[in-house]
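One chain, subunit A, appears in both complexes that follow, with subunit B as partner in the first and subunit C in the second.
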Partner chain A sequence: MSDMSLPAPVHRLATPFSNRRRQTLWAIGLSLSFLALIVVLGQRLDPAGLDTNLQARNQAPTWQHPFGTDWLGRDMLTRTLRGLTISLAVGVIASALSACIGLLIGLASATLGGWVDTVITWVIDMFLSLPHLVALILIAFVFGGGLTGVIASVALTHWTGLARLIRAEVLQLKTANYVQLSERLGRSRIWIARHHLLPHLIPQFVVGLLLLFPHAILHEAGITFIGIGLSPHQPAVGIILSESMRHLSTGYWWLAALPGLSLLVMVKSFDALGENLRALLDPKTSQE
Partner chain B sequence: MLKAEGLSFRYTPNSGWVFQNITFELRPGEIVGLSGPSGCGKTTLGKVLAGYISPTKGRLSLDDRPLPRRGYCPVQLIFQHPELAINTRWRMSQVLEESFSPPLDLLRALGIENGWLKRWPHELSGGELQRFAVARALAPGTRYLIADEITTMLDAITQAQIWQVILEQARRRNLGVLVISHEAPLLERVCGRVIELKQ
Partner chain C sequence: MKLLLFVVKKLARLAVLLIALSMAAFALVSLSPIDPVNAYIGADMLRVSPEQRAQIAERWGLNDPPVQRYLRWMGQALQGDLGTSSIYRQPVITVIGQRFTASLALMSAAWVLSGVLGFTLGVLAGGNEGSPLDRVVRWFAYTLAATPTFWLALLLLIVFSVTLRWTPICCAAPPGVLPEEATLLQRIHHLMLPAATLSIIGVANIALHTRQKLIAALHSDYALFATAQGEKRWGLIWQHGLRNIALPAITLQFASLSELFGGSVLAEQVFTYPGLGQATVQAGLRGDVPLLMGIVLFSAIFVFTGNALADLIYHVIDPRIRLGGGA
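Then we have the complex of A and B:
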């Protein structure tokens, strides 16, 4: 009898990771606090670390300089955090602009239809068929480089994906049975837009916005690396990485590896934020 | 009286007719069946009758006037697939209130439990969703119901329960009901007369 009985049910304790919803909330919390940490540390760290100190040149990571120092004796941790803060600000502004452009153009395309839709779809296709970096360089060049150039070029090249998404969503909603039925129930167009369309579009917009950050930050670092982005005296991540290239072969690995890794972690935490928020906003997955 | 005179419909001037020259009348309190093979245009006719699309030719009138284009339409259509006719990002209570606040006895008669009102549509089965779709279509402004294969995919018990409520409401409120179905036994059971739609 005893060997036939079922194993006793295991009562799992409600640990922070015991269900999907908690995991999601934790992931969102962790990503947010990591990003907040970068911003706070970037502001609070002693700016003396940015000054040259020729007595402490080319030091490998130690407790005093966790990210080491460069050939001018500047503390790499301070520079990296400052750089990430700049990248973060550029990323926030550029992707917010980009997402707003995408939303407006997507809405115009889907609601106005006709030749407006044809022209917009054509422009989107053209942007998507052009290599991103080429468009980025050209636009940054037109705006004269610098901070404005970086923001403008990232904002003007990244709206296409979201515009397409919003357009498709609105087109699908317009023909949905429940939207047409709502009209037959005597609801006005504004009421339908507010109650039927918005709940579908807001999550798309928020998640689209968050998933744009990684692109914006990486492309900002990319064009700064090439040399037409931010000016060299700003410790942007792209500048740090391009300067370190010259010293990599001489064995100063920490100049590129640690700032690069920090950039990667920051980008991944934005990605995690977007993905988890999407799961949370959709009623189908929000209660798993 | 809901009156169709020579209704014809096609999607574009170049495509074939979905249906042609349909003429019939639906009087208040009358329950009429509409049957025909798959693909003969029953659903499209239902959409035309409820004002979702306008006929290419012919005239549709409600008490000798065209259907109102704004406001609550007295002719309500119940769709075959309730999961497509309910916004997936709404809770079920919101779905009902978009139309009206149904009295408790109507919800009871349809077998809708209180707990369901707080749920999301994907947490209910097709049969449970269809009960909500029926309740929603029975607002006070409704005078004619177009039921487009509404119980085709439901089990016998749910089917019986839903039809009992519709027939009872039709008798009490003098509603005209058009039952679109290709199930002959159902039409025979609930309808006074049946119209055949030919291909």
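Then we have the complex of A and C:
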């Protein structure tokens, strides 16, 4: 009996989903490979699918065209993957900018203190007092729309959360015993920043950046959908969906359903990536 | 007396906020490369002579320095005049008033529905922590948080308007009927899908929050004590849980007005519902600066009111921090 039951725990440990850490690593791997797949396919897929082919227009999904074809006979799978790649690129650029703004402003607020801190807190309050979409539309309008408008509006409206987080973190670290001890020992401010602050801030920054992606991509798609973002010559997912609206009443459901679903899956994998990395990097949950 | 002080404090804060916001928004808008005269003329570009353009610019005072323009705008705004919308050719106040009435019906329906539904789902999930039901609710809520609002609206449109033909495809009234003249039944019929979209999206946040709070309440000392006295699970939730989670849920729902407004912009766009959201999009697309400024200020008041009400409800309901102290 005993030699029958002994190998069981060993076997259990070896399966991929046996503990939290392995589950987390698998989730990270899966999300990353799915996102990589979108980018690679978006680049590599035969561009012939984008050509007008009037003999094959408005076809429902088949094996040859898994996402169907549109009113010009273009393959919707190719268009969707291209669109997702554009949205992904815009989302990545915008959230990277936004995270950098958040980091700088958070640092400035916490280290300079005084009136700088007051002004920054006020600006953050002002941003939060507006509905997010109204702020996006206002800033996109200020930058004259287009690609710059989208990137600027998404970058300039998403930094507040991270800035608050970084500010709180730095303020807390500054009063920590070991930091004060370092100061008494005569360490320079730069030494303290490098050895005591950065190790805490870098994970916060990376996770904050990753958790910005889903919001950035959803908002990019949103303002592109309402027509303030990219032009029809840059067919991001938002454009594809907004063009599909004209053809929905004729019953061509696949023009909207499948591209939107792909967008949802992409946003969800970014979300999974960020949440799982956070669980891994946060000392409170990393040992679970 | 304390209530009066609370209101006065909030009003003062709102006034400061609006002044700062109007300055920031005005500065931003005057930086825009979109020329308001060109945006106003639109397709008639070729038929308008340079002299006429200069006249329009002169009449709108566009040649004055921005600070002077801001002061003039502010002076008029204080008298209740936010200028004239160039796309609707009506005073901005009138446009916002009319549009907001339409949006208010939509938003309040969605607000109530998502609150009740989200709270119920949260209680069911939190009360059965770890059960399949809990997993389903959590998965559903997290997926909703990643769902583009406009895509959900399109899906509902495909299913209920195009395939089943239960609901109309667009607008706030049947074709050929003015929205003001539509019957109550017709209005509700046109409101159903946009309201459903916003309700479904709004459920996620409140359900997750309620679930979290209920789990925390059920793990508390007083819950343990009640269990030791022989209280059953649902009796415990009814007696002790709901009381403690209702207040945060109401607060959260009031604080979610900002997202509700954003969602209504997207939903109104899909269903061509003539509300404030659609006006916001038009103002941004066609460079209607006075209307855009008006909507920025109005939406800030809207969000601020939501947050202030959340604060107020805390003070009125919660015996621990009730206004007026131990009276």
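To be clear about the criterion, the second predicted complex is superposed on the first by the 271 of 288 C-alpha atoms of A that agree within 3 Å, B and C clash if a C-alpha of one lies under 4 Å from a C-alpha of the other, contacts with A are read in each partner's own complex, and residues count from 1 in each chain.
Definition applied: contacts are C-beta pairs under 8 Å (C-beta built on N, C-alpha and C of every residue); 3 or more make two chains touch, one makes a residue touch a chain.
Quick caveat, the model's predicted, so the values are computed rather than measured.
In the overlay built on the shared chain, the residue A:S182 is in contact with subunit B alone; subunit C does not reach it.
Once the two complexes are laid over each other on the shared chain, residue contacts for A:W122 go to subunit C alone; subunit B is not touched.
With both complexes superposed, C is the one of subunit B and subunit C in contact with more subunit A residues.
Of the two partner chains placed by the overlay, neither subunit B nor subunit C lies in contact with A:I151. Using the contact criterion defined above for the overlaid structures, shared-chain residue A:L133 touches subunit C, although it does not reach subunit B. By the touch criterion defined above, A:H200 lies against subunit B but remains apart from subunit C after alignment on the C-alpha atoms of chain A.
In the overlay built on the shared chain, the residue A:L84 is in contact with neither subunit B nor subunit C.
Of the residues of subunit A, not a single one touches subunit B in one of the two structures and subunit C in the other. By the touch rule above, subunit A contacts subunit C in their complex via residues 122, 125-126, 128-134, 137-145, 214, 218, 221-222, 225-228, 241, 244-245, 248-249, 251, 253, 256-257, 260-261, 263-264, 267-268, 271.
Residue ranges of subunit C in contact with subunit A, taken from their complex: 17, 20-21, 24-25, 28-29, 31-34, 142-143, 145-151, 154-155, 157-158, 161-163, 169, 257-259, 261-262, 265-266, 269-270, 280-281, 283-285, 287, 292, 295-296, 299-300, 302-304. Those residues of subunit A lying in contact with subunit B across their complex are 176-178, 180-182, 184-187, 195-196, 199-200, 283-284. Contact residues on subunit B toward subunit A in their complex (touch as defined above): 50-52, 70-73, 76-77, 79, 81, 84-90, 98-99, 120, 122, 136, 139, 141.
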